[in-house]
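Letters A, B, C and D mark the chains as written, and numbering starts fresh at 1 in each.
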Amino acid sequence: MSRIELNEISHSYLREPKGDTDYALKRIQSVWDDGGAYALLGPSGCGKTTLLNIISGLITPSTGRVLYGDLDVTALPPEKRNIAQVFQFPVLYDTMSVFDNLAFPLRNRHIDKNDISKRVQEVAEILDLTAFLKYKAAGLAADAKQKISLGRGLVRSDVAAILFDEPLTVIDPNLKWHLRRELKEIHEKLKLTLIYVTHDQMEALTFADKVMVMYEGEIVQIGTPQDLVENPEHTFVGYFIGSPGMNFMQCTLNGNVAQVDGAGIILDQKTADLGHKSQGKLELGIRPMHVELSSEQVKNSLPAKIKSVEDLGSYKIVTLNFADKILRAKLAEGASVPSDKAWLVFSPQWIRLYSDGRLVK
Amino acid sequence: MDKWENNRAWFLTIPVLVLVAFSAIIPLMTVVNYSVQDIFGPGQSLFVGTEMYTKILRDPRLHDALWRQFLFSGLVLLIEMPLGVLIALAMPKKGWGVSFSLVALALPLLIPWNTIGSIWIIFVRPDIGLLGAFINNVLGIPFDHTRTAGEAWITLMLMEVWHWTSLVALLAYAGLRAIPEVYYQAAKIDGASAWATFRYIQLPKMRGVLTIALLLRFMDSFLIYAEPFVLTGGGPGNATTFLSIYLVKLATGQFDLGTAGAFSLIYFVIVILLCFVFYQVLQGVGKGAKQ
Amino acid sequence: MDIILDSVSKTVNGQIHINNISLKIESGATNVILGHTLAGKTSLLRLMAGLDRPTSGRILVDGRDVTGLPVRKRSVAVVYQQFVNYPSMTIYNNIASSLKMSGMKKSEIDRKVRKTAAMLHIEDLLNRLPAELSGGQQQRTAIARSLVKDAELLLLDEPLVNLDYKLREELQVELQDIFKQRKAIVVYTTTEPTEALILGGNIVVIHEGSVLQSGSTPEVYRNPATINVAQVFSDPPINLLNGTIQANTIRLANDIEIPLNSHHNILKSLPAGNYMFGLRPNHIHLSRVGEKDAEIRVKIELAEINGTETFIHVNHGDFHLVVQEYGIHPLQIGSDISIYVDPSLLFVYDEKGSLFLSPFKNGLD
Amino acid sequence: MKGKSKTIGLFIYIFLIFLPIYWMINMSLRTNADILGTLTLYPVDPTFANYIKIFTDSSWYSGYINSMIYVTMNVLISLTVALPAAYAFSRYRFMGDKQVFFWLLTNRMAPGAVFLLPFFQLYSTIGLLDTHIAVALAHCLFNVPLAVWILEGFMSGIPREIDETAFIDGYSLPRFFVTIFIPLIRSGVGVTAFFCFMFSWVELLFARTLTITNAKPIQSVMTRTISATGMDWGLLAAAGVLTIVPGALVIWFVRNHMAKGFALGRV
């Protein structure tokens, strides 16, 4: 087991990259503690798979170094980095039984026969594949097949990390949460470093202790699910995490009041001071679930017009015209919604201020 | 998304049906017509029912030709299949080498079959052939491909392997190229040796293509005519007289239409049975390859 | 405008794909067909479009019988699940192809194509080829092509399922507005309940080739006629517990007793006996909400966080529950907690699985 | 097999492929006397006499022209009839579709010898003996099935949803087929044309039997010289080299689809 460190990594698929746009990965500088569950979350084309392939050794980065513990593995191929990988679709040796599939990595390392079968039984138990050991691997359902791929990594005692590249893509939607639960349980039991690439926030936030949100080749935030929701450090994170994403309104600051086209929103003192210190274009961000609605005027509430109300079963989405901007509020299923005029309350503890897309800190 | 159900699609196939029927069904009727008569001159024939069939079936020369044909096709598969796979594995995966080797390997497949015979006659003759001269003069072994059955067969097999192994290699290579890169990555990560990668990934994934290659090679070798005819004329004696050569001798040689007709029909029925096996396997393989 | 399916069935080499469906679908609101994979959604859509002929039954559009009519003669537009465009044509020609076929003037075609392309934010990709575009942009092209011809019937077969989750969210909102401005009959199939709710309008719940229930989307969500409908129309899966009502108490899964007092007169009025109880995950809370809430001790199996809610999978003995709670709750697997349930929020089904009582029937909403 | 030894092995095999062909080219550049005289690895004083003879002597070059004519005719006929049929097999399920598709396969595999006499009878009765169209039609026996199978393989690679989208947009079947579908499978049409060309060009039996003089192909011109006494090896070699030229010219363009062509579109 070892710590994984990426320093000054950048990568381009072109031989002579010129501008920023030629870089699949701009500048990555991060440390991954041993035994942690990490998620690389971002839209298609943000560079998350490139980063995973650099960690697995499939790609050698244009610049920078990859360290396992203090061993520089930058140029080492995957097989020499004792990592395992689960791919988007199940990769199996279809002519073999489940047992042989799981035993394959150990047989290649010429490990003694009954150690192998003991180890395989153990791992099969963890993945509850024991009942299928004698079956041909090709005949099983997609989720069982993905567990076999995972098992080939787990049987090896020397494996430093297991990498997942959107492993749930081919799984039936109604079965996904079963596999998510099993992956989580495995991580709880084995405390292995797991790195999980996905574009789906549910998978990332459920699976990982630390989530790295990537955007256009950069890691824009590393944090616990709580950090990402409550303190998004970049407007992209605010937009990408949570559905619907954060509301953003351009504003100017005087004193501790943020002016949005004539409406004044009171900020807490700390945020206001930080806002004054920054120079860039200021934006005020608040999550739909933190926008409170009442039918009559209340202390420092602001007027808005209801544009539409959508009943989404377990919650309601209210679209509002506030100071000629479109704003969204998320209310519980039973909450009452005024018909035309409404008064909005923005509680300062949930308001975040951004300058040129970055949280003022 | 499976196919649309529509019987009016028949109209699209009519041109093919008419053309192939004209080239297949009408001639086959004449063959059947011949096979049930004893024709001893233009315009004079006698209906003899199945006598021709029993005659040809008991003909020892047919049994020899049939045995020789299966031996030949068997040897062809035994040598060409493994050699073809070996060549496919040796071919480069990317770079200019790919196009060069594809073109080089495909060359023998484009040469007219009679020219193949001519090439090898020139190549093997002791007086003017490079190989012939090399064996006789340099190795000191007296070698003439027309003298004994053994020498004729060796030359024939050399020519056959030289001519058709590329087909197996091309198909095997196509099978290899279809294997997604992730399988090789997974094998490397699992520490698989080159042999294990071949045995557990490449071979199973090539099962479909190799079955097609096997059946194609068997069918084509089973019908072979031009190359042996040009190289050895079926000789020495009947040593290399395969089914097609014997049939042509029957049909054109002694003007014995009855037996030739019966023999043609039996030969074609064997081919249809082999085709049926080929078609069933193909359906299975087709689905396998499509997954 | 409306489309009527009159006892339509479809069997393909022996297998029943559509089992005698009679249905009326009108324009003016988005019509969603919801069902699990292989429930028959795509087969139904293809029958409506005229791409397949029904084995039996008739299909009428505005009263006209179009059952046998080839798709070319129908006024129909279809958007497939995998982004289907003409690979050899530019995006402009892809969108314009149906207009060109109808012999429209060039200037008119140009105007319509540019307007529709702008509506889907692909106006600056018009002279690119489909292969150069991302998945999302390719599907936007396919949608633009289906909208530009103003067909009577607009059919979309799980159009967003292959897209990134955030892209799907954006398009769901955009499509909602686009469908509002269409006079056409809009039919949209999906496996995701949330997508059905977002698009709103009317819903038809399909299961194994037959219609379980149809009606206005919120109405069906709040009154799922059978257990099957409740299961199909619920993500995360609705909690189902068998139990009995006797002497003013509900006994669930043999060791949970919920006393019924004055507030639950409707529940108390039900005849004693065995029932199947349905409980929406968001109707279970981690803290006591009303004093009449019942408390249940459970062990945590997994906490799934999706950015605004947390789905907590718990078990009590051998039955499993899912709790949907606002906000972020990274709870430790295996720890024991209490969950609180308001009995008046229970769906009550009889033993045959048909709805007996819905919490929203008695005006809670 | 490590990288190095793999490439060496491959080079040796390719060398062995070229060796006999080189030897024929070597022979073709020498006079018959020179060939029978001394045996040299390369043509000591190369002469183009054989080639000149072929290009001037009408009995030789007419052989090539005849071959070219009936092969081209066959390719055109095969493609025109096979395209609609392949589309039917690839897109539709209809009564007896599997049986006809199988029947076509049996004709592709039919032994030429079986049809030798019947064709001779057929074409002489309808008075087409010794004409290019006779050989072209005879070759349809195996080339049309080959074309249908290969085209069906390529067509099944195009999703049916594209056809449906076109029909929905108002395209009629013929217009869709010509303006959208054929451009999508143009590589398939090219490969099919190449394989029909090749299998018709290499065929000996029918070409020799159904022609006497004015449609006589190069193959039979060559085989006749073998049985004559006093064999002119140089001339035969030169003729042989010229029969390889058509295939060798085109192969570069279809090199990536060779396997699919040979495997009847099943790969």
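The rule is short, and it goes like this: contacts are C-beta pairs under 8 Å (C-beta built on N, C-alpha and C of every residue); 3 or more make two chains touch, one makes a residue touch a chain.
For clarity, every value in this text was computed on a predicted model and none was experimentally measured.
S.K.: Indicate the lowest number of steps between subunit C and subunit D, counting one step per move to a touching chain.
M.R.: Shortest path length, in steps: 1.
S.K.: Hey, what chains does subunit B share as contacts with subunit C?
M.R.: Under the touch definition, subunit B and subunit C have A, D as mutual neighbours.
S.K.: With respect to inter-chain C-beta contacts, which pair, A-C or B-D, contains the greater number?
M.R.: B-D
S.K.: For subunit A and subunit C, what's the span in angstrom between their mean Cα positions?
M.R.: So the centroids are 26 Å from each other.
S.K.: Roughly how far is subunit B from subunit D, centre to centre by C-alpha average, rounded to an integer in Å?
M.R.: Chain centroid spacing, subunit B to subunit D, equals 16 Å.
S.K.: What's the distance between the Cα centroids of subunit A and subunit D, rounded to whole Å?
M.R.: 58
S.K.: Can you tell me which residues of subunit C touch two or more of the remaining chains?
M.R.: Touching at least two other chains: 51.
S.K.: For subunit A, what residues touch not just one other chain but two or more?
M.R.: none
S.K.: Touching at least two other chains at once: which residues of subunit D meet that condition?
M.R.: Touching at least two other chains: 159, 161.
S.K.: Enumerate the contact residues on subunit B facing subunit A in the complex.
M.R.: 182-183, 185-186, 188-193, 196, 200-201, 204
S.K.: Can you name the residues of subunit C that touch subunit D in the complex?
M.R.: 49, 51, 70-72, 76-78, 80, 82, 84-89, 97-98, 101-102, 145, 149
S.K.: Which of the residues in subunit B come into contact with subunit D in the complex?
M.R.: Its residues touching subunit D are 1-10, 12-13, 15-17, 19-20, 22-24, 26-28, 30-31, 34, 86-87, 89-92, 97, 99, 101-115, 118-123, 127-131, 133, 162, 166-167, 170-171, 173-175, 178, 194, 208-209, 212-213, 216, 219, 222-223, 225-226, 230, 243-245, 247-248, 251-252, 257, 260-261, 264-265, 267-268, 271-272, 274-276, 278-279, 282, 285-286, 289.
S.K.: Please name which positions on subunit A make contact with subunit C in the complex.
M.R.: Subunit A residues touching subunit C: 43-45, 172-174, 177, 180-181, 184-185, 188, 199-202, 205-206, 224-226, 228-230, 239-245, 287-289, 310-315, 330, 332-334.
S.K.: Show me the residue ranges of subunit A that touch subunit B in the complex, using the header's touch definition.
M.R.: Interface residues on subunit A, with respect to subunit B: 58, 77-79, 83-85, 87, 89, 91, 93-96, 104-105, 108-109, 149, 152-153.
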